[in-house]
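Paired with chain B in one complex and with chain C in the other, chain A is shared by the two complexes that follow.
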Partner chain A sequence: MSVWRQPSRDPLWREEFPVHTEDERYVTRRQFAKFLTLTSLGMAVGNGWILVRSWIRRPSAYPSVSVARIGEVAVGGVKLFTYPTPNDPCILVRTAEDAYVAYSQVCTHLSCAVYFSAKTRRLECPCHNGSFSVADGSVIAGPPPRPLPKVVLERRGADLVATGMESA
Partner chain B sequence: MFGREFYIDPSRCIGCKSCMSACEECETHRGKSMINFDFIDRPERIATAAYVCFHCEDPTCAEVCPADAIKRGLDGIVQSALESRCIGCSNCVLACPFGIPKMQVAEEQMMKCDMCYDRSSTGKKPMCATVCPSQALTYVKPETIRRERREQPTNVFYFGNQRVTTKVFMMVPEDAGAVSVDVVDYMWEGRP
Partner chain C sequence: MAEPAPRHKNDLVVIDAALALIATLLVVQMWLLSATLEAYLSGHDRVVLPAAVVSAVIFLACLGLSLFAGRGDERSRL
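Moving on, here comes the complex of A and B:
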């Protein structure tokens, strides 16, 4: 199959429905240029659309759910709850008199449930000895590849309200 | 392909149908032979002829296909109708001067000899040429045919005014340059 061909004298229907596979697969320079142009245009428009979407702020899709009352959990104590859906277990830890943190309870390694160890002051996973910082959910040791997603807490009167999730 | 060509010599055919059995073993059309097998003048003679697709340089079957389903590859093999395109109209069956394409009614697809493409494209012989005991169907190098056969190969056929050149060769008597088929005479039913 040659790279360059002379313009054909065959009727158009014969060119468009060729019998020989090499003719069917032959791509003219004009077709190739058209493909490149349209594909590049599509990529540019797609990238622009992604950029514009990132500019448009969307309201949070997370619900506001009361997870505990102030004082319900003792200092160093925990409370388990689910957020944002009933299938997402989370853990609330009262780390100091006036400090509460909450994380997803699902280990980022193989989805075992993490627990709070008051002795080491870490969130630990019993399956493969992964441990996370209770301060920010970051991985301290073990196989987990990512920090624990953090539950955003807000104090509304006497209630602690979960308002969103943050993935580091 | 690989320096070898397909040669058909009906005068050597003994009618054993080994080629048909071998063809039926193919995975893509198991149980269905793509060999065209004819008894020649059956009331008078025992002569038989087995032949495969001749793989025309300008295949009439592909020319008449309204669905653009039949393609001839770079290696000269005219493939079966593409399953996704074939509409089962039988135009190719009617148009082929050699009567090769076979309509598979159940599949609504035309199938034909593709010279065992899975084998011949990797340097192996087509199944029929492998098993033919008299080598009426043979797949060898041209010099082998010149050395071992008295007849000479031709790939030029005339069907009335239509000149057809093919990839597959037919063995003809030494003095015959091309095979000419008088289509009208053949169709004449009042022959003595």
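Moving on, here comes the complex of A and C:
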């Protein structure tokens, strides 16, 4: 039976509950158009939801947290910490004698924990071979769609202090 | 089941064209939604408002075309 067969003059209730089972599968153009329009409404609501979320999301005040002492981490070494909440793992890398960078440790692809590879000098995700630049957190290879959020660091005396997060 | 009603061929072509247009708009809207989500998660909030407006306009266009197709479908059954 063709989906695009000619409809009858029967009232809708008789078309919806036909005698023959195969007639139930018949979709009128009107029903198809209604289905597409409802799908469109769903997507418009989705866009509206994102808009509302962006209005609700206020730039939060990040705490200042000491994450390491100067010299605590060797050159090429890392230290794991959490920032801004205990549920947000981050990674601090000492890239040179006097250079420190820190990023969220959560891969932007499927949230696996990234690690620093001293050999390639990249932050790598072991799950799907994504890799990020240690210089700015940008995506170098693999499936991650976005750069790693960067932790803003400040040097206060002998301490490295995290003062905020930056999305690229 | 009764004999199918005679339909005007032109009516059917116009209805099918309207359905094809709705489907095309839907594909654009899907892309818009995924791109907006991507931008929002990247922290680029500037695109969110225009995207929501465009998505609403596309929905209204789909609604209009759907009503048009429904009316044409009704008319072609007469």
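Here, the second predicted complex is superposed on the first by the 108 of 168 C-alpha atoms of A that agree within 3 Å, B and C clash if a C-alpha of one lies under 4 Å from a C-alpha of the other, contacts with A are read in each partner's own complex, and residues count from 1 in each chain.
By our rule, a contact is a pair of C-beta atoms (placed from the backbone, for glycine too) under 8 Å apart; a residue touches a chain by one contact, two chains touch by 3 or more.
It should be emphasised that the depicted structure is a prediction, and the values quoted were computed from it without experimental measurement.
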item: Contacts of A:K119 with chain B and chain C, given as first, second, both or neither; value: neither
item: First (chain B), second (chain C), both or neither touched by A:M43; value: second
item: First, second, both or neither for A:L51, with chain B first and chain C second; value: second
item: Partner chain(s) touched by A:R146 [first = chain B, second = chain C, both, neither]; value: second
item: First, second, both or neither for A:S167, with chain B first and chain C second; value: second
item: Chain B or chain C, by number of chain A residues touched; value: C
item: Partner chain in contact with A:K34 - chain B first, chain C second, else both or neither; value: second
item: Overlap of the chain B and chain C footprints on chain A, listed as residue numbers; value: 19-20
item: Touching residues on chain B, where the partner in the complex is chain A; value: 58-59, 62-63, 68, 70-74
item: Parts of chain A lying in touch with chain C, wherever the complex brings them together; value: 5-10, 18-20, 23, 28-30, 32-34, 36-37, 39-41, 43-44, 46-48, 50-51, 53-54, 57, 145-146, 167-168
item: Parts of chain A lying in touch with chain B, wherever the complex brings them together; value: 1, 17, 19-22, 24
item: Interface residues, chain C side, partner chain A - complex; value: 1-5, 7, 15-16, 18-19, 22-23, 25-26, 29-30, 32-33, 36-38, 40-43, 45, 48-49, 51-52, 55-56, 58-59, 62-63, 65-66, 69-70, 73-74, 77
